[in-house]
């Protein structure tokens, strides 16, 4: 009961935090027909900066971290990435009106990770004074890659079977390489390597870190405009996508919270880490996921997966998910 | 006499303040045929940042302001916006060689507001240590919208009458909506709403505010290059535009100074506020005004209004207007 | 011996400094086939910011500097710019398989200056605590312009003679103007003028200076990607370009170190200044040099000079040159 | 086998692109393609309103493939009648061959 | 004197541009030219995957001048067969005249 | 009613665009249109001098509608003679139909 009250208060206050406020502001602008444009170059650069910031910091911390501590959360991340895709395969992808490969692609997107949702949670946690191991954001690829790869493999298996009943093998390695080459993972891994192997402290503290919060606000604005703009794509696909878009982020987040709690008991994974793991799982990829899936599962209709992720999944993951996991964390860990 | 000396000293020193120095630098570069380019994406983003900075700050202050205090300056802003257009309608638009709709469009542009001129004045006042109510920059739309709307209405009345003597009614509401949807007002209003309704303090202090001054210097450079580049458009229109471009900003600024002084006496409007009101009135729109007018008064020749505003009005408003109002403020209020 | 050990240690540590780390990171990304893109607008703006930062600071310092002190280093800079081109003319340009005009253009590029190499050295010197007269970076044009102009003149003389044996005179003034109009020198000179004539201290300290280090890291990343991407152009030209690309930066740097040392003895030129002069000479132009040469010596094959400079000269100048001159400085001046 | 079709090209100011595409859609065309363009014409003097120094590519070039020549001429006429007194712009037609006529 | 040649135009999603240029090169064309484009067609619904609000120009228009009409049709057929079931796109041919036939 | 006219297309490096438009203007054309382009041709090796990783669209495609075929050929010949030994580029002509001949 108290949990509910706490969540509701937090939920309402949440709309005053910049991350969410800019998201809602973006939606409002788009709904109003505003001609405001954030140039493509700024969008690309903001995404790059965010991922470098997350990567460099992660790398600097891993340098000093006890690698054993990271092991369990990393394994759990991969388990979650795959688990989410399997779950979508046996639920969404089998619903009436949902083409199987569309459902699988959607599950892949929801299994993958959104850098901006993650960044928003990091900023909110910082404001709440909730601490976490700085390597937690570096769990990103451990969840993102397995989810995308598994979705592509499952879709190909399905399509091959449908076509000729044959059992053509799907090559996994090229899918992984392709995914690592994407701009998002490239930037994150570059940042990780720089943080781990070099001394980027000054450029981190003087550039990547201070601009983080501001560029995130710009990205949130873009994502809000985008969410509204894509809404009409959703009208052209089955209603189940809307249901999935609302429920999946929270279900995935709670699954991750559970696994994170186990890691807390076993290896002392921090409460903030548990919350961020839930955010990672609850988020759905917005930058590199869509083009990867579009190229690798060409027959899947992007309106279904991009619509449900961008227009519903991401707003729910940020506006409902983040405050929910924080309230839950407070109830469970009592920080 | 002392006022004059003071103004002249200030005028000369002024050229050393970054805002003006970058403006003049831009002109010099363009005159020299430099190939330096500031990319379009950077320009758009700098404008967005400036307007968000002004809007968010305005919103945060309005939250705490006595709304009654704002009332009179807001009304005066609207009066000025309309007054400037009427003045232009009965002077410039009736001069020989000036097409009536061209004159009205020009008056509309000079009645509207330039975000960069406003920003330059804010930076200079800060350097001079002159304070003002932080909601003053939020008077922007109260002057900008009425001016543009009135100019469009007057031009349409004139054109309709000319065409068929008929009395077709001009619809005002669509003009207002169209103007609010423009990128400049959208960004300003978004900032205002965020400042008013949410808690953007940290992102404001860590991002929008510290980048303000620097991005303004970049904008000033662009405006300088632009002013020079457009000079030759002026050669193709009547000389009266040059006269208007030099005189109008100062006349408008002084009118506003007078009204602001009344508000000072009646409601204690701050000296800095009076100066900024003069700057708002003396400035002419450079970002969203031109396309709005071009779309709404298509028969008006943009060379006339853009030339007179960009190449003459804005440099005069910044280089002569701002130091003039500050010197006047010093003489009148003795700060 | 100790010098060598010191250099080697420094050389290895160097790879941990952000400048070099980002350069190597960019090469690694390109080699891996990453799809990461830094938008063109960001690249152009970063270059602009770097040059403004260097120019403004130089200008502010020249204001207070003893101009006589600058004289000898400025003369040496011009001597070096020309000397490097002459040296290339009588060595590289006469080698078998090297077309004379290609060799001259390459020498011109290596005689000119790279703003990003200079910026990298400035950041590294700051981290090492090595000080220098703040006007040293303003020696840039004194070396850059003579080198480019001389290369263009020598190439034209050669081509004219080859064509008709005639002695058509090459006009020097248009070449200088054209070179000053280029985006790099324009920005640098604008910055110098602003620093010298106006009071840009606050915008410098609040914008141009703090973003310097960060934007440099972004540029280094781009240059790394570029170096790798252009490697295959080198495969199409004579091997001598590879030899020149490796040796020339170091030979030029050491020549400059020697001249700088003379200035140290004669006028007390600082050790840090001597090192930066070596960096200037050792660097090869990457921004405005190539298009200037391409336009002025159209028959020269850009693959030869851009390939040898971007893919070999610049990495060598940064990774080997900078630590070498610092180690040398330590050995010679014992700071 | 290929089929004849007509391509109409409209080069004009970005500012009016919405109106132009509306005319195209109302004429019943199956689609259109747009490219950013810079240019110089008789009205070089009419400035676009966007800062010229940062937005040189302020024209658009719109292309429409139409199944009938009639539709192409109709679009060209409407655009010219509605806009070309006050905005700069040119139009021209070309013959093209399409491979999948059902698309247009 | 000029020589007849064929120009094939392919307007499609940026995402598959690498595959398209590979087909062009394999067909033996001497080169190609690419332009960023925006557009609307029958599949307006199929979104590109890049944020629409920031990357409206997510199509490309690829042009190839081919010496023989045969090569042009071959490219058009291959691109359509390989991609146009799942990606949006159109192709068409035009006759052009070239001045330096050895280039193509 | 439409009138025949000629369109000349020049695809070349951005670096020389000023020289190309000067030739066009001197030939007496009423205007031209320019589009940013990327491309690959026989001289793929000749690099543009701008960082390739950030400025892939370093070509321009210039189009000129000329009233006479003569003027078109003259432009094509001058551009090729002056530039194409040292810079990459191609030109070709197309027949187009214009609706308002007084414009060109």
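Letters A, B, C, D, E and F name the chains as they come in the text, with residue numbers starting at 1 for each one.
Everything below uses one rule, namely that a residue touches a chain if its C-beta (ideal position, glycine included) is under 8 Å from a C-beta of that chain, and two chains touch if they have at least 3 such contacts.
Computed from a predicted model, the values in this text were never measured in an experiment.
The chain with its Cα centre farthest from the Cα centre of chain E is B.
For the touching copies chain B and chain C, the fraction of interface residue numbers used by both falls below half; the interface is of the different-residue type.
In terms of the distance between Cα centroids, chain C is separated most widely from D. For the pair chain D and chain E, the distance between mean C-alpha positions equals 19 Å.
Centroid to centroid, with C-alpha atoms defining each point, chain A and chain B lie 43 Å apart. As a whole-number value, the distance joining the C-alpha centres of chain A and chain E reads 35 Å.
Chain A and chain F have centres, each the mean of its CA atoms, that are 47 Å apart.
Touching of two or more other chains is recorded for residues 37-42, 211 of chain C. The residues of chain F that reach two or more other chains are 35-36, 94-95, listed in rising order. Pairs of chains that satisfy the touch definition comprise A-B, A-C, A-E, B-C, B-D, C-F, D-E, D-F, E-F. The touching residues of chain C, when paired with chain F in their complex, are 30, 37-40, 42-43, 222-223, 225-226, 229-230, 233, 236, 286, 290-291, 293-295, 298-299, 301-303, 306-307. Contact residues of chain D toward chain E in the complex are 2, 5, 7, 21, 30-36, 65, 94-100, 103. Only residues 39-42, 44-45, 48, 180-183, 186-187, 190, 193-194, 197-200, 202-203, 206-208, 211 of chain C touch chain B when the two sit together in their complex. Against chain B, in their complex, chain D makes its touches with residues 15-16, 45-55, 85-87. Residue ranges on chain E touching chain D, taken from their complex, read 9, 11, 35-42, 44, 57, 59, 61, 73, 76-77, 80, 90-95.
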